[in-house]
Every structure is written in structure tokens, then in C-alpha cells.
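Note that the chains are named A, B, C and D in the order they appear, and that numbering of residues resets to 1 at the start of each chain.
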Amino acid sequence: MTATPFTTEEVARIRADFPILARTVRDGAPLVYLDSGATSQKPTAVLDAERDFYERLNSAPHRGAHALSEEATAAYEGARERIAAFIGAQAQDVVFTKNATESLNLAAYAFSNSPHPGIPGSERFALGEGDEVLVTEMEHHANLVPWQELCRRTGATLRWVPVTDEGRLDLSGLDELLTERTKVVAFVHASNVLGTVNPVAEIVARSREVGALVVLDACQSVPHLGVDVTDLDVDLLAFSGHKMFGPSGIGVLWGRRELLEAMPPFLTGGSMIETVRMEGSTYAPPPQRFEAGVPMTAQAIGLAAAVDYIESIGGVDRIHAHELALTERLLAGLAARPWVTVVGPSDLESRGGTVAFVVDGVHAHDVGQVLDGSGVAVRVGHHCAWPLHRRFKVAATTRASFAAYNTVDEVDALLTALDTVPQIFGMAG
Amino acid sequence: MTATPFTTEEVARIRADFPILARTVRDGAPLVYLDSGATSQKPTAVLDAERDFYERLNSAPHRGAHALSEEATAAYEGARERIAAFIGAQAQDVVFTKNATESLNLAAYAFSNSPHPGIPGSERFALGEGDEVLVTEMEHHANLVPWQELCRRTGATLRWVPVTDEGRLDLSGLDELLTERTKVVAFVHASNVLGTVNPVAEIVARSREVGALVVLDACQSVPHLGVDVTDLDVDLLAFSGHKMFGPSGIGVLWGRRELLEAMPPFLTGGSMIETVRMEGSTYAPPPQRFEAGVPMTAQAIGLAAAVDYIESIGGVDRIHAHELALTERLLAGLAARPWVTVVGPSDLESRGGTVAFVVDGVHAHDVGQVLDGSGVAVRVGHHCAWPLHRRFKVAATTRASFAAYNTVDEVDALLTALDTVPQIFGMAG
Amino acid sequence: MDLYQQLILEHSKNPQHAGLRDPFEAEVHHVNPTCGDEVTLRVHVEDTPDGPVVRDVSYDALGCSISMASTSILAEETIGRPLSEVLTTYEAMKAMLTSKGEDPGDEEVIGDGVALSGVGKYPARVKCALLGWMAFTDALHQSGHSTETTPIPAKEGTS
Amino acid sequence: MDLYQQLILEHSKNPQHAGLRDPFEAEVHHVNPTCGDEVTLRVHVEDTPDGPVVRDVSYDALGCSISMASTSILAEETIGRPLSEVLTTYEAMKAMLTSKGEDPGDEEVIGDGVALSGVGKYPARVKCALLGWMAFTDALHQSGHSTETTPIPAKEGTS
């Protein structure tokens, strides 16, 4: 990688684009926001784009022939093109959802809604007893529970790839786990807890051998690593807008054209139909087939503005370089504190800017509370990856996750606040 | 009804709250927005509320112990309380979705996802061959296609109440349609085409007799008539935020407590769980059970601000009175033009502010285009109620739909523009 | 309204070559899901030593003046002409209609089709004007003739 | 941090009456789904001529200092006392915890519970402090004792 972290001046300029970063919390502590893995903050450009849409173009896209509706449609479809280009995709293969969770459920329900008499090729998705779905032990609940429920609905069996002590996928037993019975392999690109970046190419290659479809949870990779769907060569890919400087309430499901075409509808209603009679309906081609009802128009436009913003500050490569530099500093700081254990890779190899850790003898909730007292906002708990926490035999971890606007000083603020923890809880510090 | 229409001054003040209404379209024609039935415009107060959330409180609600997350959670749950109160409901019975279409699909999928081993009481929803679902011929696709697909998935049979020539439900054959076999009755409160307000009490009473659940599509009634869930006494009720001055990307499903508790999850993932193991998961109580993933936080807050806005201008009663006054004027104007036929009730009895019509010999698309040339934005087509249009043997109608910000002059602008139609298309005018 | 040129109104009131006729190799039914407009269309193409020739295009259409006129013009501009020329006309029509009003259309190539040049400025109406042409190329395809009948390709993003 | 009073830290490090014991009439398992904290809790209530008396509360808990301390205090404040008094303590604890910091708590009624008064200011931690109490009232309920054990009622809207 040749991209460089942001300079101090660059970060200062970036921070100025995010009004919330100027605020204080609790009793006047400046906000140190290290919870971008949960949701990122929003730059003014995104808020302006949404507002501008509402103040000038607002109307229901694809639903009218009047001038406003034409302009709204053009803006909405323009946003689709912009977002598609950002992941190396064609606009018509990008489906808008409310969040990645809906995207992944859309994918999972396709299997239990198949075969669908009105969708040629949907047999491809039909799942039943004897079929298997393969996930991993490090999945976010959003890429685990929908598959559990799918298996419940269809009688298929859920299997999973275990995780090593270092927080990497243990692919040693893959030959037994991934077989002709496997119809879908669903896994996370970059873990929202460990920071681990998984070997997509290897898993895709093995899945292709047995004819399984590959669903990638790219929630943490699209904003932080960058993603090109052609390079990744997966079948379906999901991410959320709110983790990449976009508004809440918008997500994406990308799919290979021929698969989207063979997928039965999920949410049904207006604007996803071809013809409707009381006796039955036929459905529009993708992406409309999967966008029932008045869509998240302003949010799509806000997300396109977020993509523009990312490009304007130097693109995902620089963001990644910047976040890795912060991660390196944090990992070094934590390594110097023997009473802290990092859960996940301790080096920068195949890693994103997310660091989870435990303080010996102190519950993560208490650690987080102490940090919060100094204005440092981290997330505590199982981060919607409860099975992963069970695997590491901890109920909860403390997690710091970075974005382009974080500074070296903020890493140090975290470490300084952390040093008060052993003292408060009377542990050896 | 004792509420009065807005005075000219009041409407002028209301209009000033909606920046978009100041714009012109095409070659400088002032915008006459008569398409609020598709989506309403947004007042500054709503845009400010959303922006304020993003600039001061933004973070993932229910997901953190830090100060921001606590504030975001309080704002999100405060919005739920505000919106619940607006429909006479308890906050915990209000589920946030992305739009009414998702709300109605959530309801429909509950029946095919039941019985669910983890949800006691879900047998109540289980549907199969021999069971029936009753809808009406005037449904929006959003309250028709999900039930068609549910019947396809379960083997149940879809039946429907026909519509009279006057655009009212023909309940004369209800005894044959609504029987012990009927498990769900789903119908629209106020038609988005005809303007007809349906007799909820009568249909609820008849449904109770046979033990069928009642699902009400309240998309056009919550914003324009006002709704009290206790008075209506239905079982589930759906509406969208964007039609009531709220942002796009937020909808509501309200349900009776004991029914929501017995409903299996629909979208699954983060924040809707109780415990998660690789082997299986258990689920949170409502409303969380139905809100998987990072929610539409800013949008919920925007919708609460929309509710405040409605109250601030005098409440739904005055809005309804105002819209009826405009409707009366439009109906009179259309009645005076023998080359126009209104589709739907021609008087104000049980009626909302939506008027659909056809011009003899001229396709609605062409009518709409001519109106648009004068800045008058109406909707043309089947308005996502295709079977209703087939019933009236028209491919498409032209629809004007009102909101609080419309004026008497705008009704006249529509009529004036309409008078050019016969002339352009060489019909007797 | 500049959109409704006299030629369009004439075609839409008196659609040329309307009605469904024999013989034909393929019949298709297309709808515009936003407004419910429909067209049933048949093609009869004959193979000649000089290549395929469109002998007949017959149709039954229900729609707005733009879609009616466009289908009428389609019939007028295609019946009796070599398929290769007809496909050129189709491409030229499509280019004009999707040009957002930039391309005024070449009367040499698209004949009365130039009357539809105003449609490009109204994106919601482009589908109306293309309905018949989409049905036509689909019917050609189904009757075994090669066409460039892909739907309007989505533009590539510009990242 | 004002939240972590000495008393809380002591209770959480040395949870009083910890461990699962016999006899008991009901055992329940509660979790806090946001952080994964868990408690298994048993109650033993004896009916006496003067009404039911809580003879034992035993538990196995895994959680943050707030939830550990709260459960420890719960055991201390309930074991050996008449059920009616214990329910009053519960209501007072709940009122203090959900008061957003307004209600400092009455030491007469809730004993060491006052050390948790700071929790009310941190809404995300209220669930931690209530975890043991929710389990306790649930266990009472399951053992057939009437309680006011409804979860914190949602506030009515104010339209």
C-alpha cells in the first residue's frame, strides 16, 4: 500500500466538516468518538445534500410524470450510479435497503421463497433438508440469525467455521465443512470486533468448487478498506450507509446480475411489480423488484454525497492508511499495559481499524463507563457478535473503532483514561 | 365536525414553512403541488430536527453506554412516545419500519413464519390450506401483493370484497366472503385513489364474529383524518412517515400488545435478540423484536417533529376540514365539466382529500403532462391500485391529492389548466 | 405544449396499420407498469436473397398519445423495409429519445419519428415512446432474428 | 467517577450471599441482551402466620460492578425479611434507579441500595442495576407469590 495517513492539518480540516466533533459530553469533556464501527458521524456535505433534496426536489421517484418527480427520479438514480461506481458495480445491480441487516435478510429469504413460480431460475435458490448453509463463528448477528431462521424455515442445516485464538478463521477443517451439500457460504469481510480481514479469494475459490453461493457482509470493509465487486468475485454483498458517513436508514445489497434476476421478491407492494391482478401479480426486473414502496430517496442521495466526500478527502486508501496508523499506536499502547488483553490480531497484517480488548478483572461495561467519564466514547458489550465472545470466554469486550476524523491525540486520550481503570477498581495497575 | 378550514392567512403562514413550495418548474411556472397522496412536502421544523440530531446526538441507539448513545437512545425512544401518542397508542406497541410497505410485509410474513418454536402463542398466526385471507378490490398494491405472496407460500386462499360503481366497498356479499375460514381481513382505511373512507367499525365487528385478525392500511388516514387505535379497535395498523410531513425512510406498524408478543420475528439480526448461540437464538420482546439492525434514528426523530408540526398548525381535524373544503371546490369544478368523469364518491360523505378523474378520450398521462406544463403536479397512472382501475375499466386516472399547504387558488389553477386539455387534443371542450 | 406536435396527435388519433393480422412469426405483449399501458404486437419477417425484410407489423395498443403515436410511426417506418435498415432506425429513435433533448433526430433515418424529439426532455415519457419499439425488438428476437435489443444500458458510474 | 462509590466496589468484589443454595421454590435465569450479563437466581420463601418471609436468595452472577453490587445488595436487603417489606424495598429501588438522578433513595428503605443512586444518571446502566431485581421478582412470581413485578412501564405519551 502506498497511501499515507492524513497529516495533522488534513485531519484538522476533516474534523471541521463534522459539526458534532466540536461538542463536549458529561461535564465538559471534549468528545473523543471512537465508536465509528457502530455508526459514523456525518459531514456537513451529506447533511446539506439531504436537505437540498427535500427543499428543492422532494417527491416520490418512479411514481409520477410531473417535473418534480422526474427530478427526484434522476437524483435517486444518479445516487445509485454514484454508489455503484464506488464499489466497481453497475447501477442496475445495486438494490437499496434500509440497512445491511435488511440486505442480508433479503438474501436469506430468497432461499425460502424459492422456487417461485413467477421467477424463472429461482430453483437455483431453493433450499431444503440435507442442504447446508455455512457461516463463521465471528459473524455479526445480522449475518448469523437470518441464516439460522432460514434453516429453521427450510429444514437445512447450519454449519460454521471456527475462529483461532489469534482471531482468524480456522480454515483447516474447511474440506469437511464445505461440501456438495453446502448451498450458501455467508461470511464477514472485516470483523466488527476483531478487526480481522478474512481471505475472501480463498473462500470464494473453495465455494465455487462445490457450487455454493457466496454472500459477503461488507459492512466494515466498504467504508474502511474499499471494495471492488469484480475483484472480490462474490455473489451477493451487503453494507450500510450509516457506517460510511451516510445517513441512517439506507443500506445496499449488490448482486451478480443473473442471480438478482433469478431471485424471488422479498418485500412486495408498489413499484416492484410488472402487472397486478387480484388473482396474482408479476414482478419487475432488478433492482426495482426488491424496492417495494416509496424508497429512502433523501437517504440514497445523502449516501451518494458521502461517497463524494470520501473521494474528496483522498479516498478509501488514505482512510485505511490513516486508521491503520491509529490502530498501530493503540495496539502498541495496549501491549505496554500487561493488565490489558487484546481480542483479535495483535499485528497489522490483514487488519482493519477496530480493536477489542479486556481489562483483567474489570467488566467492559465498567471500563467503558470510566472512559466515557473522560469523554472517550467506545462501545462495550458483545457488539452483536455474541458467539464470538463465547468463543473467547468473555461476556463483553471494550471496542475502539476508528474513522478518518480520529487523531493520534484521541488514541492517547483513550490510553490515559484507561490508566485510571485499575486504580478505580483497585486492581494492580 | 366543528373544525374549520385554514384561513387564507393561515395557509400563507403554513406555506412559508415549506421551502420547496416557493420554487418554479418547467419554464418558470410556480409549483402547484397536488401530489401529497404520493408523498408530502417537509416543513423546515422537520428538516431542522433531523439535522440537529445528526449535528449533536448522532450515534447508534440501544447499542452503547457512552453519553452520545444514551442521548441518541433517549431521543429515539422519545420519538416513539410522541408518535404513539399521536395515534392514541402506547410507545411499546409502536414498531418502526422503513415504510408502510415494510409494515404490511412484516404483518404478512408473521403468518408464514408461524408457528415459531421460540415464540409462545405464534400458533395464533399459522396459516395453511383451507384458510382464507380477505382483502378488497380497492387496495394499494402494498396491502394486496404481500397477501397474495403469503397465500402462495402457505396454500391459503385470497378473497376480496368488490367495489361499487360509486367507489365504495360492496359489503352486500360479506357473509359469504367472511367466514370461519377467514384468518385475516386486510383493508385500507382511506383509499389513495377514490378518497373513500371505509366503515372500519362495521368490518371489525364482522371480523370479530368469525375470529379473523384485522389489519388496517392507515397510510392515507393517519395524516389526513387522524386515527385513534383504541377507537378503531383493529389488530394491526400500518402507515408511512413521508406522507405526513415526515422524512422518507420511516414507517410504523402498530399492533395490539398481545398480538405483537405472539408474532415471530421477521427481519433478524442485531438488537432484536435476547440470546444468540451458534445453535440458535431467542428474541427480545416487542417492539425491539421487529427492529433489527441500526434503525432509522434521525428519521424517527424527524417524524416526531412532523407530529409536533401537525399539532402546531391546529391538528388533524383542521387539516381534514381544510382538505375537504378544497375537495368540495374541485368536485364542483369537475362536475361543471361534462367531459370529465370522477372515479370515486362525488360528494363529501366519508371522504378524504383525494380526487381521481378521467378526461373523455384523453389518456391520463397526457392530461398530467398538460397540467405539468402549467406547473400543476398531479399523479397519473394506476396509483399502485391497478385492480381498482381494471374494475373501473380505465388504464389510468389523473389524481389530485391535498395537504394543509394547498390553497383554493391552486384548485382553480388545476381547473384552468385542465380546460386546455380538450383543446390541445382536439376533443369537444 | 411543444411536446404535442400535430403529427403526434394525428398518429395517436389514427394509428397507422393498427389491428392484429396474419401471418406472423411472433406475438408479444408488453406493458408499462407505471401507467398500465399495453401493447400486443406481431411481426412478420420474410427472408429474401438480400436478407430479411419486415413484411408486416400489426398491433393492438392501449396507451397515451405518445405511446400510440410512437407505435403508429414504428409501423409506418418499418413495414416493407429490410431488417438491417429498420434496426438502424430503431437505434436512431432510441438515441434521440434518451438524449434528454440533445439529439433532435434525423428525418432521413426516422421519418415522422422526429415529431417525438420533444419527448427526450420528459424522462418519465421516454418509456411511453419506447413501449412499441421494445415490443417490436422483443418480437424480432422471439422470431429468431438477431437484434441489438438490449434494454437501454445503465450508464457506467464515473468514479 | 461518582458512579463507583466505595460501597459498590466492595459489594461487587465480595458479593454477599453468592452461590446457589437449597432449598428453593423457584430458579430463574436472566440475561442482559446488550452486554451478555447473566444471573441465575433462586428464592426460598416461607409462609408464616404473619405472612410470607424471604428465607433465602441465592445466585450465580456474571456481570459488571453495577449489576454485581446491585444483586449483592438485593440479597443483603431481602434475606430474612417479610415479603411485603421486601417488595416495598424493590419499588423504592426501582423508583430511585429510573428517576434519572432525581431521587437520591432513602437509606431507611433500601439500605446499601443508596450507593446505587448515581446509576439513575446513566440510562444505559439502569438495566444493569435492575438485572438481579428483575430476576428476583420473576422468581417470586414463579414460586406463586403475588408481586408488582411488571417491567418498568413505558411512559404514556403526552399528546
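Basically, contacts are C-beta pairs under 8 Å (C-beta built on N, C-alpha and C of every residue); 3 or more make two chains touch, one makes a residue touch a chain.
Heads up on the chains, UniProt names are A, B = Cysteine desulfurase; C, D = SUF system FeS assembly protein, NifU family.
No experiment lies behind these values; they were computed from the predicted model shown.
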State which chains count as neighbours of chain C and simultaneously of chain D. A, B
Comparison of A-C and A-D by number of C-beta pairs in contact, larger one: A-D
Farthest chain relative to chain B (centres taken as mean CA coordinates): D
I'd like the Å distance between the centres of chain A and chain B, where a centre is the mean of that chain's Cα atoms. 31
Distance-wise, how many Å sit between the C-alpha centres of chain B and chain D, to the nearest whole number? 44
Length of the line joining the C-alpha centres of chain A and chain D, rounded to whole Å: 37
Return the residues of chain C touching two or more other chains; collapse runs of consecutive numbers into ranges. 34, 122, 125
Where does chain B touch two or more other chains at once, residue-wise? 63-65, 69, 273, 275, 365, 369, 380-381, 386
Residues of chain C touching chain B in the complex: 1, 3-4, 9, 13, 34-38, 62-66, 122, 125, 128
For a test of understanding, state which residues of chain B touch chain A in their complex under the given definition. 19-20, 23, 25-26, 31, 33, 35, 38-39, 41-42, 47, 50-51, 54-60, 63-69, 98-102, 104-105, 113, 116-117, 137, 140-146, 148-149, 152-153, 158, 160, 240, 242, 247-251, 265-271, 273, 275-278, 280-281, 292-299, 365, 368-369, 371-372, 375-381, 384, 386-387, 390
With touch defined as at the start, can you tell me which chain D residues reach chain B in the complex? 31, 33-34, 122-125, 154-159
Chain D touches which residues of chain B in the complex? 62-65, 69-70, 73-74, 81-82, 84-86, 89-92, 273-275, 284, 311
Can you check the complex and tell me which residues of chain B touch chain C? 362-366, 369-370, 373, 380-382, 386, 389, 395-396, 424-426
